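Naming follows writing order (A, B, C, D, E, F, G, H, I and J), and every chain is counted from residue 1.
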Amino acid sequence: MLYHVRMDVRLPAEMDPSSRADLIAREKAYSQRLQREGKWPHLWRIAGEYANFSVFDVADHDELHALLSGLPLFPYLALEVTPLATHPSKVVS
Amino acid sequence: MLYHVRMDVRLPAEMDPSSRADLIAREKAYSQRLQREGKWPHLWRIAGEYANFSVFDVADHDELHALLSGLPLFPYLALEVTPLATHPSKVVS
Amino acid sequence: MLYHVRMDVRLPAEMDPSSRADLIAREKAYSQRLQREGKWPHLWRIAGEYANFSVFDVADHDELHALLSGLPLFPYLALEVTPLATHPSKVVS
Amino acid sequence: MLYHVRMDVRLPAEMDPSSRADLIAREKAYSQRLQREGKWPHLWRIAGEYANFSVFDVADHDELHALLSGLPLFPYLALEVTPLATHPSKVVS
Amino acid sequence: MLYHVRMDVRLPAEMDPSSRADLIAREKAYSQRLQREGKWPHLWRIAGEYANFSVFDVADHDELHALLSGLPLFPYLALEVTPLATHPSKVVS
Amino acid sequence: MLYHVRMDVRLPAEMDPSSRADLIAREKAYSQRLQREGKWPHLWRIAGEYANFSVFDVADHDELHALLSGLPLFPYLALEVTPLATHPSKVVS
Amino acid sequence: MLYHVRMDVRLPAEMDPSSRADLIAREKAYSQRLQREGKWPHLWRIAGEYANFSVFDVADHDELHALLSGLPLFPYLALEVTPLATHPSKVVS
Amino acid sequence: MLYHVRMDVRLPAEMDPSSRADLIAREKAYSQRLQREGKWPHLWRIAGEYANFSVFDVADHDELHALLSGLPLFPYLALEVTPLATHPSKVVS
Amino acid sequence: MLYHVRMDVRLPAEMDPSSRADLIAREKAYSQRLQREGKWPHLWRIAGEYANFSVFDVADHDELHALLSGLPLFPYLALEVTPLATHPSKVVS
Amino acid sequence: MLYHVRMDVRLPAEMDPSSRADLIAREKAYSQRLQREGKWPHLWRIAGEYANFSVFDVADHDELHALLSGLPLFPYLALEVTPLATHPSKVVS
């Protein structure tokens, strides 16, 4: 099932640079593992903001929550989840 | 270039049913033509709402505006456009 | 899967009373059928408002959307859907 | 009487891990005691957020306030309370 | 139990004057009956607005909802209900 | 003249407990003195929140401001003041 | 006592022109009478909007409400009232 | 002096097409006259919306208000005005 | 030209008292100098809040910005500026 | 392509003055380089606020994001990006 997620990152400006770099590296690795597993099929940067729009493809709400709350950046994220249904005008390719 | 668009449809509840059906049929045809041309690659229904999340892939802002303002439902839509940039963690397949 | 839904009813004050009564009767029958089928396990009136909090238990986002958009009152509803996951402190009875 | 409560947890990201673990353990114990006493009949995680929707069943507003303000996490919570009345379409089982 | 209620009246400007006068007269009679019964102990006009702050004293949420949804002006009201608990600094007279 | 006031208390969660207790004790004494003088006739806890609804009865705007800005908790309060006029449906007892 | 008031005018675009002209003429006469009586000492147009900021100088909340609810445009106004106290840095001329 | 203005057009969807076309033609002529006079130096369409961002260059607030309230579309516009000052980092060409 | 300004002061509650007193004394002196020069003709305290409504009378946007950004409290202020035009109903005294 | 950007600066009031001066000097140099390259054609101070309206002229969303996220002040900015299309009433000079 598909879920649309907006993520806004709220890292403190005065964070220690090496902690910050480490956190971001772990976030990237975590994200890329999920992308390779097919669970995070879309990931776009919102132009001009430290934020993204994502689409997740998981079995159910519990798996979605487990994946999102496991993000290394989770304590610094504002998250907004929207369940996506099939659109009746969608062309099936 | 990619643009994320949220569309909320505000059709009056008391609209004449045949005008309504005609309008929706034209909207569907218009949407499917753009999908087939590759300009509207993603279209999802927001579960429980008369609304969708879409992604458009067009040459520039002017083409985007021309496509959106040409939607048969345009006079009844609340639209919110967000330009999408490449995300640095995106896995290139 | 469980979904939390807030529904706010926006019937026009000047609606014809018999159309209104008919619409509400159909809404009630529709709701009670879903309750008896176990798909709408919780339904509470928000005290003082023409609104409710509901919990739906359905197979997936598409079934949820089909049920909600089939509500006789749908054209007059503002709907807000929230997917519900298992809470780690929940006592299993 | 039933009350719907939304709770958003705002723990500082830089909190000492053992204080944090201790606080969450006390919150869980407190919550489970109230669940076992029948005063907190519903508790759901909002998917993707550090937040929950709950339903409380207590004697009156004063008991509700005493229970909520006694939550170990109370200083870190944003709470929103809504009194729930009986819905006229509710099927009585 | 006490409930704080804000009521904003949204009568259409172009309403027929005699229907309007009749509606307001019925609202006043309804309100005064509840005040005399002790169920509506406080009623204040918000200065400059067609709105009021009220306090109701009723047995439970269901009685509150029955009284509010029975207001002749109910189809034209925006209502906001807040349950009131005892304040620990309140002087008991 | 009557003024409706909503007060939301924003004490930092990590405040020193004895400073906090002292502050709250001074707030209580200050509040009870004003209540005994008849200047703070109503004070209710908003159920589930560290907030209250109050009604003040003072000579004019300047006296109101002096009383509110003198609250020991004032630096930690979000305050919202609404002047209250006589309601035309109010039953005079 | 002084009150700051923001008024936003919401006249329907399709209003009959002569009714509109008559309403605005009555509003102007009403306003100018109050200005000459010293009860409406400040009146400024908000540049670019059909709205104004005003200051009223009246005896109390009840007089303010009587003056505002007597405005010919009252059914079409959104009003926001703020009581003004003496500022401690104000130079007394 | 420069003013930034956001204009959102709210034409009713069911407006008579020839009245609509006439109104838009008059708006265009009015706008182009001001552009040629140098009073409306910037005008951009907000992509995907029936709205624009504009910059006006006029003598003072009164001239701005006269120009904006004279727009043929004025009764259908939501306008937001922001005065623009010189930026200290601006390169003078 | 006239500008309406709302200023909300956000001083940290835990600020050093002598720094605070010094800052407020400098703000007062700065404000009173501008008042005596006729550039700050109106200054009112918003009752119950650490905030004011002001009217400035200056040559242009640049002078306004220079005066406001020079306020000793500027780093702690939330400011909202509205240009004021002549109101057509204003009585000229 | 043109993008409208609103930037609000949120520098902590207690920032070390020399770090602050250095940061602002680097921001100015960065901005002026982009202005000279023609990529930042408009830059205006919002009167009374530590904020600006800007227009950028860049190749695509990715270049915009690179330029904005490279601003020395980026960690302290709230940014809002709006793509600008050609307006049909724009006079081509």
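Criterion: a residue touches a chain if its C-beta (ideal position, glycine included) is under 8 Å from a C-beta of that chain, and two chains touch if they have at least 3 such contacts.
Keep in mind the model is a prediction, meaning the values are calculated, not measured.
Asker: Which chains does chain C share as contact partners with chain J?
Answerer: A, B
Asker: Look at interface F-I and say which pair in A-B, C-D or B-H is its repeat, using the rule that over half of the contact pairs are identical by residue number.
Answerer: Answer for the repeat of F-I: B-H.
Asker: Could you work out how far the Cα centre of chain G sits from that of chain J, in whole Å?
Answerer: 39
Asker: When the C-alpha atoms of chain H and chain I are each averaged to a single point, how far apart are the two points in Å?
Answerer: Distance between chain centres, rounded to whole Å: 29 Å.
Asker: Using mean C-alpha positions as chain centres, tell me how far chain E is from chain H in Å, no decimals.
Answerer: Comparing mean C-alpha positions, chain H is 43 Å from chain E.
Asker: On chain I, where are the residues touching two or more other chains?
Answerer: Within chain I, the residues that touch at least two other chains are 2-3, 45, 47-48, 61, 64-65, 81-86.
Asker: Help me check something: in the complex, which residues belonging to chain C touch chain B?
Answerer: Touch residues, chain C against chain B: 3, 5, 12, 61-62, 64-65, 68-69, 75-76, 79-81.
Asker: Name, in rising order, each residue of chain D that touches chain C in their complex.
Answerer: The contact residues of chain D facing chain C are 2, 4, 27-28, 31-32, 35-36, 42-48, 52-53, 82-91.
Asker: Taking the complex as given, what residues does chain H use to touch chain I?
Answerer: Against chain I, the touching part of chain H is residues 1-3, 60-62, 64-65, 81-86.
Asker: Mind listing the chain G positions that touch chain H in their complex?
Answerer: 11, 13, 45, 47-50
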